[in-house]
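In the two complexes that follow, chain A is the common piece, with chain B as its partner first and chain C second.
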Partner chain A sequence: MITATLVSPTVGAAVKLRRLSRLNRWTIGAVLAAILVFIPIGSVLLLSLGDSGDVWPHLIGTALPEYVGTTLWLLLGVGVSVFLTGVTTAWLVTMCRFPGRRIFEWLLLFPLAIPAYVMAYAYTDLLEYAGPVQSSLRALFGWQSARDYFFPPVRSLGGAIMFMGLVLYPYVYLLARSAFLEQSVSVLEVSRVLGKGPWQTFKTVSFPAARPAIVVGVSLALMETLNDYGTVDFFAVYTLTAGLIDVWLGMGSLAGGAQIASSMLVFVILLIVLERMSRRHQKVYQQASSRFKTLPTYSLEGWWSALAFGLCALPVIAGFVVPVLVLGQLSIVYFDRSWTPEFKSYALNSLTLSAGAALVALLVALFIAYARRLREGRVLRVATRAASLGYAVPGAVLAVGILIPFATFDNALDAFMRNWFGVSSGLLLSGTVVAVMFAYVVRFLAVAVGQVESSLEKISPSVDMAARTLGFRAGQTLIRYHLPLIRGGLLTAVMVVFVDCMKELPATLLLRPFNFETLATYVYRFASDEMLGEAALGSLTIVAVGLLPVAFLSRMISRSRQLYPSPSTGDA
Partner chain B sequence: MRSGCRRCRLVALLLVVWLMGLTGSLAVGAQEEVNVYSYRNPQLLEPLFAAFTEQSGIKINSVFISKGMLERLQSEAENSPADLIFTADIGRLTDMKAAGLTQSVDSEAISNNIPAQFRDPQGHWFGLTSRARIIVAAKDRVPFGAVTRYEDLADPKWRGAICTRSGKHPYMTALIASMIAHQGHEESRKWLMGLKRNLARKPQGNDRAQVKAISQGECDIAIINHYYMALMLSDPEQLAWANSVNVIFPNQSDRGAHMNVSGMALTKHAPHRDAAVRLMAFLASDEGQKRYVDDNGEYPVTPGIPWNDLQRSWGPFKQDTISLTAVADQRAAAIRLADEVRYDH
Partner chain C sequence: MDRPDQFRSSTVRSDSQPLLEVRGISCNYELERVVFDLSLTVHRGEQVCLLGPSGCGKTTVLRAIAGFHPILTGGIFINDQQVSAVGAMVPPESRRVGMVFQDHALFPHLTVRQNVAAGLSQLPEGSRGESVGEMLERMGLSHHADRFPHELSGGQQQRVALARALAPRPLLLLMDEPFSSLDQELREHMGQEVSDMLKESGTTCVMVTHDQHDAFALGDKVGVMSEGSIVQWDTPYNLYHQPGNHFVADFIGNGVFLSGEVVSPQQVSTPLGILPSDEPLIWSSRTPLEILLRPDDVVYDAAGPIQARVTRRAFKGAQILYTLRTLEGIKLLALFPSHANFEIGDDVRVRLDVDHLVVFEHDDPLG
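What follows is the complex of A and B.
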């Protein structure tokens, strides 16, 4: 504890040094953690320095323009659709009252539990030429072949945009809702006093305040789109990631694949820099009031209420109800072929891995975000961004980026042990569950960091300063003051990382040990051969297991506003 | 929240202990075992592995790795726990050998059962089953005998009538590579362009999806691997698809149908070499080959193994006997050709 009394210069200097060194501990720790997480990305960048022969001339002359064009269109389409869907529904559910709003609060999150490739399979099965919808249409109208009528092809860029949008909007919804929930009641009430209607309030108060969180959500969705392979491959939509896999595995050039991955990373970094620059002068604090009043909501009547209901119901039905029904029907038909008593152990593997990775990611994110808050500096800024890049790298490539350093370390250690002790330590890290969990953390740290940072940003520095004046150290301030205030955001982070880990596939496939299956890899056995029927039961299990934390934590988030329930009557 | 720190430490300790427990993949017990990295779907290999374990008592540990197996083996180097690699096509086998990740196996039992054209001359890899890439055509829309060769597929009279999977999938790449190996680059390019112009829709889906499209009238002709017919016929929902098409073994009057192999290779640093070679011998043996035929509907590489009923109904056919290594050598060119012709777009 540092007492602020008069001290002699030398003691004063010593005191200053001690204070500095305590702060530096956080910085150093955060930088180390960031470096650790950056290692796989770094090795991908290093791999891209290799020689890729004449892959690039070939690509530029043939498919590269298409890869780039398709990728950009896909990003644009998905970005717009998740933004509109996520923000609209989040605002409606938080700030308006209409029938069904309570249920929609957590229903709107459900599509998060469905892996994108499963969504793709379910809808293709439903909507393709040979599927039930088109077959019924043909039977109904007497059309004979594809030439007689127009039906938008499912396996197309449009289809990819629509279905990835359905799977990814919950990111934006979640973060926007957390931000809207964390709004200051006073500011909103002032806006009302000034005579602004709901739309004006949204435009001038709610949206700018929530903008950092919304941007994080949209960028997460975009990065997820960028690195997705399973969905675009299934839809025969050729993005840069598809080109990457082609170059790596088809043409046998890992260097070429790494080069494409690196260019994608550069693109992502550019986007992030642009976004940061646009927000440079914006700083928004909300009152860290310990007495949250319930938000002043708008009551919707008649047509407006029906519209709100419809707008919220649409994503839920399209993004959750329909796929689950399709999967359910297939599960029943193929039950005997897909049920195995091993299901429990696969589910347990998925659960423990995902829970472990989510907790570790949260801890690392908290550490890094708080270290930045303590002492903002260029080093930490760069470190944070670098550590968050894992999300933009396709899973398979990231897995290779982990393989190489881990195996190098293991082999070096083994050689050392052999030389000095005559004993072989073998492979300690590679080919074990640790490698898989590390992959999850590297992949999904961006999610955790984004959420934790945007929550921490809401807390005014006066809290920190007040705590300091009271004599608390940085760590104690974090635990005593910040954590309770950002509890909702932390829960969100854990939940989203958990669900993402449950669905993760490519890195798990490559890095796991023998005889080890998660639910996702088990589903892949069948899905990789397009045996949708057999894959349905496993997919439903992933959705079911992922839903539990989604529903549970969604309630916690909405309750996190009621930290100390106000005695004054709020409305519903 | 202060006492929480003590709890935090306890939780951290438990976490570490649990992690260490998870990490444990050390060899426990004296039971012999074989470690397998497989490109092939587990359900195709599991029945055979189970039979082997039952007979020999040797446990088989496997992991299905569809992308990056080569990189994993390369980075693990001498400490790699893998004994055997199983692949679904010829390309991966030759890649593994070229990367120096395999070792030679000199076993009379195996070499006697696998003809020279289906194994590496230096003994680094062995084909275990062969699969023919056949043409299927709608029974009611394509008269029998109208299509007999791969080259016929480029004929303009089939405009808008053909469905295939992506031109860059290993099965298609091998077919294109064999065309290049036989006819050279220029002729194959013309053929591929012609085929692309005849496509009814953008290449999408797997082999079975093409048959599904034929049965629904979206197209009339497709190219698939032969064993998918057996698999569809045993599936209640897919039975109708298989029954709507005729099976055609192409190029019977000249070089024969294009064949690919699934195969195995022994890794360079296999820790359980003897047990692994025993497994290899089992799979190459008459019993192993028979199981491949019965369980998966694939063609055996060992001559004289009795076929299943479906294969018998199709009858014997002429196989393309070109060296598989020659085909594999053209794979890179085949992929580039698909890009140049923009087959998938």
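What follows is the complex of A and C.
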């Protein structure tokens, strides 16, 4: 075609005007994908507006106030805990000099690898009445029974707050750290020249400028708190999520679960609004390009230095070292009873399901991100924004939102098939792995879209135009000239989504087919039966997988210090 | 298959057959109208330039020609073939236009050779290699063929970008601020080099730039754009010496405006004296006018009638550009040879030596 036109002096028939419409293939595809992903969120929204049935008055009269109250306390406690831990450690490692600071910069991320429920299992084993700590104390002081001494109850609201705080503070730490780093060096220097000490500078300059980023971090941590089921169930802390699953699985009332789900949306929406608003401020505050300049740091001496070291070491030890040691020891003791063919098949289930979901999420994200690059429009912008709300919606709520439309579809199809063909189609979507994978994609799509978009943004739009004028269509341009450049970003996206899926508990628990187990549900099942030893190997495996993205983030952090703005046009 | 040699096949033909015709197009950027009913014609082998300040819509016009931007009125024709209409477009990949960008937009994961070959994927292997080799030779890039873009200097990257755009032998080459990312010295050099190369190969080319030196180096014709329209379409010489309106006079070159009025069809009176006009003036007597004075219209003359004081000087090598203030408080720009050296505060005497009087009616900013 092109060869022909090269020869002939006139362009000839190869050139045809093509009608422009507002929606091209990419836009239509991306909007359809976005709508599909929005279905579960939308159906919960619809439910919350619809008929409440009989369960509702009963719920309101009995359990609901307790669920809401407990949830509020949990959110408050975790919020304060992650705020204090995250901001303190971030400020120490970016603004102060003390031994070990460089190592703590990335070590502080490690608790991120541990799901809250695994943390809860490990600490319960360590601290419960029959565990090593209390046993040693009894032996040491000669106490006979629990009546002889006071030990704070592990399986309590306080315990839940503490352990969730320990694994969720890295969200705040990460965002606060980069906010501190991106602050203008000169502003900080001015503050010091004006005679303000470290504390004054922190209070009047650093903290106010980093506040939006910190709020984003706290709201992300709170979304995870709201999502948690493993910990609160194990500790018998009746939050909304625990209540939802209890009503659904225990009382067999999906309608009741749906009602709780819709009341949880209030929390979800509040958190989304908080996060989005802060992100907008964050953009305004964090524009400094001084990322690679050295910040003016405070050199800590003597006791102060030891205090800083201790403050940074504490979350790492309590949030990572201790639970891993406990799980490691248990895994060794219980290895023969844990390393069974079932374990391997559950691990394989987790692996294939998570990998499958990660790939689907990547493809959808790539499609959406590229469609937006090709043509930015309001339809697409709204659609993709709605589609990427999943990260804020707790897994249990998503499960309700998926099961109801899926079951309706299955029942309608089944009725249709019976009426017309006399055969039953059974369950096609609900109660199959399709539903579980769909839940994963919906929940973690935002991560993938964000990653793909930020990779694509680094490619100059003129590269697209160059490729197009050289004769390549949009799709060809993506495959030939974009994919090789964004490979790294795509890999990161797949990895992060994969790991998140491996850890996911509530949606898996609610949507999995009968007798189908993943590592997460298997760990949960054993822990619920008080068989923490048998659960240890699975927990440790999840933590090991969870270390992947953490290691990646750590590498980025240690690298970011060595990077310099590239000297030339930045094509490389 | 008959493939005529690239650089001789289409040497400038003087059959003024239009290759590119833009007829009355309008474009929006986001929701704002940025191009208004714009028309231009480029003949085969001609190099034209759209020159204007940033935000004047010139890049949008270029993107519309390339097929990246829809048009809301009018039509675009390449080689008598309509490529853009209202609501319909030929996609950019089927237009046979080549494009060169400010940031070069080289594919960073491909070598120089692979970059230049990118647009030739439809050719059989053998003739592709041949075409690429020829092009690399022509651009003096043969020694760098297996390097990656980031290993090249800015000027070399520029050459690769040009080679890549020209390799598929486009009907039309479009350049978007091609020299902006180069430093001043390299920029002038590349401008000359690219101009020679395009002339020699008879490539039809449209360039957009905000830099008049780039435009003058490359454009046979230059269209000065302001607020979405072409306000003058002319040769660089005429743009400087016969600007059609106040905007062009102001935008191109240095100069000051004197106010004055018509005294006769051949004469204009100004506070600095009566100036003769080489062409009869169309305005009636006493019409208030503005007279453009270029720095080379103000001549150093020890016996000159105008006394002025130096308020600023800028050394330009062979010449010095002075800013002067006359006794009447009128600002003048003057370009004197370097040996007539004055310091700030010195008094000098000058006279006006205007070959061609450029005048605009007073209260009409666009002439």
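By our rule, the second predicted complex is superposed on the first by the 305 of 572 C-alpha atoms of A that agree within 3 Å, B and C clash if a C-alpha of one lies under 4 Å from a C-alpha of the other, contacts with A are read in each partner's own complex, and residues count from 1 in each chain.
Note that in this section a residue touches a chain if its C-beta (ideal position, glycine included) is under 8 Å from a C-beta of that chain, and two chains touch if they have at least 3 such contacts.
Predicted model only: the values in this text are computed from it and were never measured.
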| item | value |
| --- | --- |
| Partner chain(s) touched by A:485 [first = chain B, second = chain C, both, neither] | second |
| First (chain B), second (chain C), both or neither touched by A:364 | neither |
| Contacts of A:473 with chain B and chain C, given as first, second, both or neither | second |
| Which of chain B and chain C A:218 touches, first, second, both or neither | neither |
| Partner chain in contact with A:462 - chain B first, chain C second, else both or neither | second |
| Which of chain B and chain C A:245 touches, first, second, both or neither | first |
| Superposition-derived comparison: chain B or chain C, residues of chain A touched | B |
| Contacting residues of chain C [partner chain A, same complex] | 1-3, 63, 66-68, 70, 78-83, 85, 87-99, 101-109, 118-119, 121-123, 148-150, 154, 157, 161, 164-165, 168-171, 174, 176, 181 |
| Residue ranges of chain B touching chain A (in the complex, touch as defined) | 1, 4, 15, 19, 22-23, 25-26, 35, 41-43, 61-69, 71-72, 75-81, 95, 166, 168, 173, 200-206, 208-209, 212-213, 215-218, 235-237, 332, 335-336, 339-340, 342, 344-345 |
| Touching residues (chain side chain A, partner chain C) in the complex | 1-3, 5-7, 10-11, 14-20, 460, 462-463, 465-473, 481, 484-485, 568-569, 571-572 |
| Chain B-touching residues of chain A, taken from the complex the two chains share | 58-59, 61-63, 66, 129-130, 135, 144-146, 153, 155-156, 235-236, 238, 245-246, 249-252, 254, 333, 352, 356, 359, 396, 399-400, 403-404, 406-408, 410-411, 414, 424, 426-434, 479-480, 483, 506, 509-510, 512-516, 521, 524-525, 528-530, 533 |
